[in-house]
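Each in structure tokens, the structures are laid out below.
Both complexes shown next keep chain A, but they swap its partner, so chain B is in the first and chain C is in the second.
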Partner chain A sequence: MAATPPAAAIPHEAAAPPTAGWVLHAEIAVVGAGPAGIAAASRAAEAGRDVVVLDAAPRPGGQIWRHRRREELPARARAWLERFDRSGARLIAGAQVVDAWTAADAWAAAGSRGAAPEGFRLVAEVDGERLEVAADRVILATGARELFLPFPGWTLPNVFGVGGAQALVKAGASFAGKRVVVAGSGPLLLAVGATLASQGARVAVVAEQASRAALARFGAALLLRSPGRIAQAARLRSALGGARYAVGCWVTRADGDDAVREVTLTDGRRSWTEPCDVLCTGYGLVPNTELAEMLGCGVDGGRVRVDEWQRTSVAGVYCAGEPTGIAGVDAALAEGEIAGAHAVATSGAAGTPGTAGAADDRRRLFRIRRREHGVARALERAFTLRAELRDLPRGDTILCRCEDVTRGMVDPAWSFRQAKLYTRIGMGPCQARVCGPACEFLFGWRGQTTRVPTAPAEVRTLAGESGGAGAEG
Partner chain B sequence: MDTTHTEVEIEVDGRAFRVPADATVAAVLLDLGVGAFRRSVTGEPRLPLCGMGTCQECRVTIDGVAHRRACMTPVRAGMKVSTDG
Partner chain C sequence: MGRPDAIVVGGGIIGAACAYELARAGMRVLVLDAACVGGGTTAAGMGHVVVMDDSEAQFALSAYSTRLWHELEPELPRAAEVDRCGTLWVAEDDEQLEALHAKHAYYLARGVEAEVVDGADVARLEPNLRAPLAGGLRVPGDRVVYPPYVARWLVDRARDLGATVREGCAAERLEDRAVVAGGERLEADVVIDAAGVAAARLIPDLPIVPRKGHLAITDRYPGFCRHQLVELGYHKSAHTMTSESVAFNVQPRATGQLLIGSSRELVGWDASPNRSILQRMLRRAMEFMPGLARLTVIRTWVGFRPATPDKLPLIGRWPALEGVWVAAGHEGLGITTSLGTARLLADQILGREPAVDPAPFRPDRVFAPHE
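== the complex of A and B ==
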């Protein structure tokens, strides 16, 4: 393979929008410092590559290893974070990536002639300032977000995501003494219920919408594939304290004046109310594919398409972890390592060839990835969302929390695009990250498009006017 | 550095509070019992939903800059936060 020209060779004119700010060069840019990004960056940096990692959070770890102090984390997380520290990869924390493009596309768009340049540009906002990164290879490890489904009262204060509550606790919030209902779907419900109970919250009920039969089939599948997880689930159950694990039950509405006071639950035949101070609700995870889409990577069924080396459909762009399909931390670590090692083998100056790793190492990683995706498929089947959840939003129930668009307002529309034109649904600052997946579940609407910036950003970040004195305010 | 018991002083809606130095603005505001981080376009009070930077519900004004995500921002000594609570 021909040596890739250094990133500095990307002609400035090709980079649209033009920048007056500074550009950071790296051989490999990694977006996301969760397990996949940490593993990818560590592997690449250990092999001598110049690696820059951009992450929006103040500290590395992603959602699963979010922490304030490292002592809080399990041993494996600490070990990976220490390995990441030692690897020489440069982490830029608090960097929200808002734009990305390939140098070749920008070159073509500018009508330039001759050989197109290689490499990529990423634009991030760090503390209100623009940071541009030029890199030969990009590894996307952008993780996942929660799936939220609307029901009457879900916008009330003290209705949090399930992972959302977990994240807030890890960031220092306390739910001690609060009466909490956890409802939705997926293995995260038990884990978060246990976290909150251990913190002193009174967890009244954990309601799982999946049926008992589906969960029993999943349990059988787990026994075959990953028996250790049965014990893990049992430990979580006992950690819930007095809370009831209500299988085949879901929340139909939340009520309260200035905040949630009670929720109504049902098993499909019988309904009852539970008083509570806090409702945690979430229905599983949604891959974050926006940045991959922006770079032109192929996405199938909401997942970034990758080959056995975690290469996307765009040469030089890799993707690892949840964006390629929700499969958890072990898959993310393995995929990150595979991507990092392969990016090493295909980048860098001539004369310093890298290695895609020893054969036994490769086999180990491939085996973990295969096993974890198998468990994930069983999980997906077990926690399939029931059709009744589609009937929960009423005419006056808000679907889009950014623009306060109700179900009644979008009712005449037959596509997300059309609903958008009529109602501004999905056009607020979250860019349909919440209502888009909800509408896909409710109405089967697909095709929410990604646009620049992928997250709200200062105009000067986008225009490339950073570095000026007194720019703040 | 052990930051277990370190606190910093910040100002929330004009009142001073001592808060854990290693928490985010969102965590601190929740513990202070702030009733609304922001008001929606139709005036509903909103609190954080996702806690991880996606939903934009936790936007507050920090040191004069509007629309900062409280869940992604660590507290800093002397920080001035204003909410719609």
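== the complex of A and C ==
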């Protein structure tokens, strides 16, 4: 007969509650302290709501207003940060949100009976400690990340994303004296080129893959919608110093032994090499939709679906800024204000009716949002990525850095799911945040699934343990 | 391809092994999968090839299958991630230690290599386990594989032998010597329902229910543990069908990652994460390995084991339909028993003498209403 262990071997028969440890309560929880999150939190807190803001960075501002000292920032950014400071919203900096759920769903999943609880739960890691936030409303302002496209040599040291390079500069890294090539697509190339030039870098060339004709059409569209941007672009051009702005050109490969030494550029007819110490590439931005997906919010074409009040498909969850579509800082601020004001109107204790804002205020915000999304659509058309970029990876070019999966290991006829199953692509620590969008561009693969945790988290965090109680338990 | 000799419904590890086995016997095989090869329960499990002893029949099939894995191993490419790490069953107290000795005697009597180690040796073998533990049972012949790749590899080998594979093709129903799929009636002398947890959708009388489980995988920590570590209480967790349960079950992957399990729930097809049981599962793992607490989890997921009332798979002819066979219901042991299942089924289809007594696995056996 088989050896059967005693019944006492079964641990933990009693049902544990879905949550344990310390829970912070708030009427409104905002995830992300970039422009959208700052605007949403300020509006809601100014109206008297109890607002908690969670952000992974040490200081508020998000990617675009990343800073060490506020004096470095433009006046409008400083004004918003000061308003945010005064609003009474509680910022928890260094808080990486790793999980989120609706209280009712967790209740049901645990097989609990009776009236389901309302609201939402967020779990964050702060300095390695678990923090759980319970909130009536959630505003997701999770921003966007860079789109990386693979080409031979893209994993060499000193090949950066343009956003990454800008973050390095803001963190105090020096590019002084370095010979830099900036390549890819979109207005961010000029901005990064100008930043690096102002830091003393020798920017050799800024290569824009979009065609001259497409850019001309975009220029015309800008003149109609946002003439100020033309002057802005011209200022950036002049700030580049001696750098060439090469339109209709793209990087086909980067070479070097211990780091990048030269890049090969082409305009589709001829190719040439540029020696360099640093290559910054940028092909656009990808909305961060993981947390929205985790909460069950509808996502269409990689964007969180929202209505005119920035409400997602899940009642009580709002989304503002880049996750709803890449539209820049002005749209993010307007959407944040709209979401914050509306969350005020629909939350809070009885007897403190909120307001969705005065009508003229509402019209102003709606107008900005409409205008900026119009510009964004024109941008998207002008900077559409050319098909030639799909042919750049060779058989031995890495697609997935976490798992060392090359182009040659995957079959374009597969789905992303199949590629994951058979090659482990996208299964590493970044969970396809980098290679997923690249593969979508290269092969048309979609349909990644978001799983707990939405960012890497310690075992004890997911185990519901806070503080040092875990090991002794 | 003309009329196939055999249609295998389901490209999980069971269907893949069946396809390979029948193709090797010279049959023209067609494999259908509703989604993709190896993408269902096969992709959700741990990939632990382990000799189990809940019943004589389970032991016979798992020990036989483990030998077949051993024979196949030289052919498997590196991507199959075969790791001959063995299993270390750990006992927490004297009562479990007694059960551990009984398990040892059972294995020895049946020719399975195993050794009992004391608490001090457990601590030496696996320094990250909590000390002191009462003892352990090392089963060196057990191993770990990467199941979705192996399923793909088995199907590709069947393809080399003339098999055809249709992915994204969901079978709608089975008839005498036929499968209706994608609005088409596909005929073959042999039709195998190897649809795993979905097998009962094609043959509603099959007593298979989805048994939900959670797993977590960490970042890479090479050497953190060296064996597949399982608490002796796992048997009880796996065996009890009435309530939800968790057990300590940690596996080192070839990548240096750790898989942390395991949980069992009967909640139908609800695939949403149950944070309550995930927490319990991880806490149980931390009790045995306190150092796990500060390791980083990069992903958790949910899968459904195809569970039967007596914890034994359904392998053999389905008498209600002509030419229809079943290979399904392997609960959490499908990776281990896939190769043995395929051989056992092929033996019956081809009229060969099976190496394992097929009687306990008959799909039309009578189940006791309650255990």
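Everything that follows uses one rule, which is that the second predicted complex is superposed on the first by the 446 of 473 C-alpha atoms of A that agree within 3 Å, B and C clash if a C-alpha of one lies under 4 Å from a C-alpha of the other, contacts with A are read in each partner's own complex, and residues count from 1 in each chain.
Everything below uses one rule, namely that contacts are C-beta pairs under 8 Å (C-beta built on N, C-alpha and C of every residue); 3 or more make two chains touch, one makes a residue touch a chain.
Quick caveat, the model's predicted, so the values are computed rather than measured.
With the two complexes superposed on chain A, say which partner A:L389 touches: chain B (first), chain C (second), both, or neither.
Once the two structures are laid over each other on A, A:L389 reaches no partner at all.
According to the stated criteria, A:D105 is in contact with first (chain B), second (chain C), both, or neither; which is it?
In the superposition, A:D105 touches chain C alone.
Output check: A:P429 vs chain B and chain C. Expected answer is one of first, second, both, neither. What do you get?
both
After lining up the shared chain so the two structures overlap, which partner does A:Q63 touch, if you call chain B first and chain C second: first, second, both or neither?
first
Is A:A331 in contact with chain B, with chain C, with both, or with neither (first, second, both, neither)?
Touch partners of A:A331: none, neither chain B nor chain C.
Considering only the touch criterion stated at the top, classify A:C297 as touching first (chain B), second (chain C), both, or neither.
After superposition on chain A, A:C297 lies in contact with neither partner.
Quick one: classify A:V53 as touching chain B (first), chain C (second), both or neither.
A:V53 sits against neither chain B nor chain C.
Looking at A:Q418 after the superposition, I want to know if it touches chain B, chain C, both of them or none. Which is it: first, second, both, neither?
second
Which of the two partners, first being chain B and second being chain C, lies in contact with A:P456: first, second, both, or neither?
both
So which positions on chain A get touched by both chain B and chain C?
On chain A, the overlap between the chain B and chain C contacts is residues 128, 428-429, 456, 473.
Where on chain A does chain B make contact in their complex?
For this pair, the touching residues of chain A are 56-58, 63, 68-69, 94, 96, 128, 145-146, 148, 155, 157-161, 163-169, 171-174, 258-259, 401-404, 428-430, 433-434, 455-456, 472-473.
Enumerate the contact residues on chain C facing chain A in the complex.
Within the complex, chain C touches chain A at residues 35-39, 43, 53-56, 58-59, 79, 92, 95-96, 99-100, 102-103, 106, 148-149, 152, 216, 218-219, 231-233, 235-237, 240, 243, 245-247, 255, 260, 267, 270, 272-280, 282-287, 290, 292-301.
Show which residues of chain B lie in contact with chain A when the two form their complex.
My answer: residues 3-4, 20, 22-24, 26-28, 30-31, 35-36, 40-42, 44-57, 59, 64-65, 67, 71-74.
Over in the complex, which chain A residues touch chain C? Could you list them?
Those residues of chain A that touch chain C are 2-13, 15-20, 99, 101, 105-106, 109-111, 128, 414-415, 417-418, 421-424, 427-429, 431, 451-453, 456-460, 462-465, 470-471, 473.
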